Amino acid sequence: MPRTLTINGQEISARNDQTILEAARDAHIHIPVLCHLDGLTDVGACRMCLVEVAGSNKLLPACTTRVQEGMEVRTDTQRLRAYRRQIIELLFAERNHVCAVCVANGHCELQNLGIEVGMDHVRYDYIFPKLGVDLSHERFGMDHNRCILCTRCVRACDQLEGAHTIDVMGRGAKSLIIRDMNVPWGESTTCTSCGKCVMACPTGALFKQGSTVAEMVHDAEKLAFLKAARERKVWNV
Amino acid sequence: MNLEELNATATSERLARTKKRHHLYVCVGTACQALNSEQIAKALQAELKQRGQAADAEVKCVGCPGLCSLGPLVEIESQVNGQAAAAEAKDDRRRSILYQFVKPEDAGEIVAHLDGEPVKRLETPLDQPFFTRQTKIVLEHCGKIDPERIEDYIAVGGYQALLKVLTEMTPQQVIDEITRSGLRGRGGAGFPTGLKWGTVAKSDPNAYPTHVPEGIQSRKFVICNGDEGDPGAFMDRSVMEGDPHRILEGMAIAAYAVGANQGFIYVRAEYPLAVKRLRTAIRQAQRAGLLGSGIGGTAFSFNVDIRLGAGAFVCGEETALIASIEGGRGVPRPRPPFPAESGLWGCPTLINNVETLANVPPIIMKGADWFAGIGTEKSKGTKVFALTGQVKNTGLIEVPMGISLREIVFDIGGGISGGRQFKAVQTGGPSGGCIPAQFLDMPVDYESLAKVGSIMGSGGMIVMDDSTDMVEVARFFMEFCMDESCGKCIPCRAGTVQMHRILTRIQEGRATRRDLHILEELCDMVKHTSLCGLGQSAPNPVISTLRYFREEYERKVNGEQKPEVRIQKPESRSQNPEARSQRPAISS
Amino acid sequence: MGKLRFATVWMGGCSGCHMSFLDLDEWLFDLAEAVEVVYSPVADVKTFPENVDVTLVEGAIANQDHLELIHAIRKHSRLVVSFGDCAVTGNVTAMRNPLGGAEVVLDRAYQDAQLLHPQVPHDDGIVPPLIDQVLPVHAVIPVDLYIPGCPPPAKRIRAVLQALIEGKPPEMIGREMLKFG
Amino acid sequence: MTRTPTTPGLLTGNDAVTATSTDRLVSDKRYKIIEATMRRYGYQGHGLIEALHSAQEAFGYLDDFTLKHIARTLHLPPSKVFGVATFYNLFTLKPQGAHTCVVCLGTACYIKGAREVLAAIEDEYDVKAGGTTRDNQLSLLTARCFGSCALAPVITFDGETIGKVAPTAAAQQIAQRLAAVQQAR
């Protein structure tokens, strides 16, 4: 049964099983996302897609909230813009993101969001944690300095490859992406070297070995393609 | 055990009790136990035996009677037969005496004075405001029954409510009764309990994808949240330790009302005594046919399992708690869908706090109107608080909703200890706020506390005197939230780190007005964008102290921008090449 | 209207931002019409002058000299501009921060990497003492404007300066003006 | 119906169940306790935290071998088991000292000087919170709240609660207990 709702005052109709994010995209309304990736389940973690819904005193993540009849959604208020900028600044301050020397410079979702939210500098203290780079895998590398803990790699490995090689250890600011029991990537016994985690990564945290500055272009769309092909036997080439 | 058998057990227990003239209740709650109260019980027992009074008196190890600061506590209840004693007694049949700071070596003197004058040097009055100003519903049996004997619970009317519900009421009638009582969740947010039960009862277990493990038949679940994580709160622990059957009965009634056959009690592993007593209680209830299949001879089946927390504050949040019971990292997920529609393994799940469930049996027995007659218009019944901090009487109290903070702090609590002045009272733990003196006469209920920027919370109440540094209090709670953040959502994970840095900078005298401004902005953002309650409430201690004690912040931030700059001192460096020979070479 | 008193400063950075500034090519002549360069690595002035209208600061705050100079700059400049990623974020200069203090860097540079006579210069006036953690400029003094980029492209620098000369706030929005790296 | 543990040897490389590791599972009776816990949950994933509790109780900490054994028996990805084991504060991957002292840093204890108590113990034993003394005799930990707030500030020594601890007396109280244990031995 279709639902009618308004987003930013524009009346749109959507299927009842669609999320606000899906409905907005169908109507060509842009909502920024970071932990969302087409083809993976949503976790509502990055809070970039928070929207205002009339009648709700809480901001709701567009990626996990289903549309409802008569919903009035605002995606781009001044308040949301301010919050989004703060969140992106927090990410830049949290680990060591140095765009100038990053493999993903120019192809980075975090960098793009920095531009989108109008970040000209970071107001918070840079934490400068000491984090490692794992180059033990023959084809891929992981630089924890650039990881934003979006868990897209974790989900890609679990949901699309099925290996569940990757998970998160620790908690809070000390969380870290691990393979198996926190072994060097090259020593993982469950990793199939399929590269889906690398495709899923929004930043330069996961990369192909040998890439240098600005050379790492992720292939995130492949994952949605793969999911559709596997589960629905639809090849959207 | 059906109703008839239950009544028979209760009667025979009561009869057995009347045969003993003296009942010696020794508190074996965690605080008193830590002070060797089990030894006191043994010593009393030995003393009774030695004096040949064992047949006449009974020593009972009981849960917390509340006044922990005077512990170990021993209460003596005696049937009075001598004239002299009768004059002192409050009623003509029984008299009660409370002994404080008891040591095992006091046993002889206590037993010797059972029939005569009380031991004056140990006695503390039972008519002091600490006791007389309380209204006990949830804690009515704590301190009166042996939590490790189901017969004790049955003797005071235990499991009557469950059998009444199973034999006389429909699930809808149970939900209506709870709704009419006005009971609200005691875990913090104060959501109407009846409404929650109704939602779970109505929810279709097939509406969302489920993944129930093999061997579990139920498609709806009841969870008792005993993950009492707020520092400074121990209400739930005392109920679990002191009256565990009450919780099982409340859970079974809830399960019947919502249509669940399996329940879980999620308890902090830091509460080993509570876990032990709950395990014992479950075993006893199963043996008595009050848990398991065909409860009380009806067709209703309900099992309860215990799941241990493992040291994660965030697991008090219901979706994180569910993730933990499922065996995973205690990470919350966005709601909706709410657990009432899709919770444990995707099934409709009722999650209630310990204290909420403990209120259920008396509501069923005494009726919704009785309960609704206690408290204020929107906050019914009583609330248990753990009263701690710079107050004379620390311990566990249960008061009617609507009582003023002043009564709690100054009458029940006996005022500020150490001759200092009252400054604030902190409620709601790391999610709550600090309430200053100007609101001392405010009634304690959900709405009033929210209005002044705090929350009811689970019941921690920490009294602070005028020596307390409020910025330090805010920093303390922020450090707590930072350490306990699960790390899933960015505002909480990274925002608490930044807020903590600014608060630390303020404390070190290196902060500017700009820092204060950034702090306030962060508070607002983290509060409104975090995924779960932990993050959403993490800024509360800062917001409330900024609101009432802003001058303490202002005093500390008037300086100029002072980054932490440490300049390397060349002369302090080691210039000895040998000392460095251990270092690996850079290139080969 | 008189000319703007204009300064550029080179702190803890690679001078790439200044190179990019020089990439403004013939527009530099237009700039020279509108501003008077009162202090710059490309001008032979020893002390930072007073009454400066606009100062572009390239580089992060990495040693004691920077620390002293930046306070003088703030004191004497109407508008302080963080010029390039090192000034705005710390960038490459700050990549030593996760390693700990200054000693690790000095050891690496003057001891571990030297085969002959490894020794950290420690006499006064040779190498300014490093500060333990490299800081972006706004962590030390209030900053009025930020030009990101490593280096900021010449077009971006021109857009900012053009606006300042015209007395308007520059519009720092979009990829052209805000991309880091 | 319950599932049975996987046949050994499914994973190759360093995860392979070698003869020695099977020996260890057989010879070390403590694995029987963990086994019993996992059996109680039908060898299903939701028994993971309970299994980790048993293992921690049996061994005092969780080593790689035990974590792998639990992962294999419960049919869980090793990364998930490691993720869970490191999420919760009560699990530790490092061996602890012979004795454990825990300082409560809950609010009630905090405002009654728990921080000073901790500092005094750290000073006396030259160990930081979370660490173990060099002679492996004492591990010093902190806790969020024991719920014994009426006794604030509270510390525990090998599970025994010591209430109303003064900073000046804390180290001495621990020393007494350490001495008592050593004498008993």
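Residue numbering begins at 1 within each chain, and the chains themselves are lettered A, B, C and D in the order written.
Note that contacts are C-beta pairs under 8 Å (C-beta built on N, C-alpha and C of every residue); 3 or more make two chains touch, one makes a residue touch a chain.
Remember, predicted model here, so these are calculated numbers, not experimental data.
A.B. asks: Chain pair with the most contact pairs?
C.D. replies: Chains joined by the most C-beta contact pairs: B-D.
A.B. asks: Please identify the chain with the largest separation between its CA centroid and the CA centroid of subunit D.
C.D. replies: Measuring from the centre of subunit D, the most distant chain centre belongs to C.
A.B. asks: What whole-number Å value describes the gap between the mean CA coordinates of subunit A and subunit B?
C.D. replies: Measuring from centre to centre gives 38 Å for this pair.
A.B. asks: Distance from the CA centroid of subunit C to that of subunit D, rounded to the nearest Å?
C.D. replies: Here subunit C and subunit D have centroids separated by 51 Å.
A.B. asks: Could you tell me the distance, in whole angstrom, between the mean C-alpha positions of subunit A and subunit C?
C.D. replies: 34
A.B. asks: So, what's the distance in Å between the C-alpha centres of subunit D and subunit B?
C.D. replies: 25
A.B. asks: Please list all residues of subunit A that touch 2 or more other chains.
C.D. replies: Expected reply: 125, 168, 170-171.
A.B. asks: Residues of subunit B that contact two or more other chains, please.
C.D. replies: In subunit B, the residues touching two or more other chains are 312, 329, 484, 486.
A.B. asks: Got the subunit C residues that touch at least 2 other chains?
C.D. replies: Correct list: 133, 139.
A.B. asks: Going by the touch rule set out above, what shape does the chain contact graph take here: line, ring, star, complete or other?
C.D. replies: other
A.B. asks: For this structure, enumerate the chain pairs that meet the touch criterion.
C.D. replies: Contact pairs between chains: A-B, A-C, A-D, B-C, B-D.
A.B. asks: Report the residues of subunit B in contact with subunit A in the complex, numbered from low to high.
C.D. replies: Those in contact with subunit A are residues 312, 329, 333-334, 336, 482-491, 493-498, 501, 518, 521-522, 525, 528-531.
A.B. asks: Quick check on the complex: what are the subunit C residues that touch subunit A?
C.D. replies: Interface residues on the subunit C side: 82, 85, 88-92, 94-95, 97-100, 133, 136, 138-139, 143, 146, 148, 150, 172-175, 178-181.
A.B. asks: Could you pull out which subunit D residues touch subunit A in their complex?
C.D. replies: 11-15, 64, 67-68, 77-83, 86-87
A.B. asks: Would you mind writing out the residues of subunit A in touch with subunit D in their complex?
C.D. replies: The touching residues are 158, 163-171, 178-182, 187, 189-190.
A.B. asks: Could you pull out which subunit B residues touch subunit D in their complex?
C.D. replies: Residue positions touching the partner: 30-31, 33-35, 68-69, 71, 213-215, 228-234, 237, 269-271, 307-313, 324-331, 386, 388-390, 394-395, 426, 429, 460, 462, 464, 468, 473, 476-477, 480, 484, 486.
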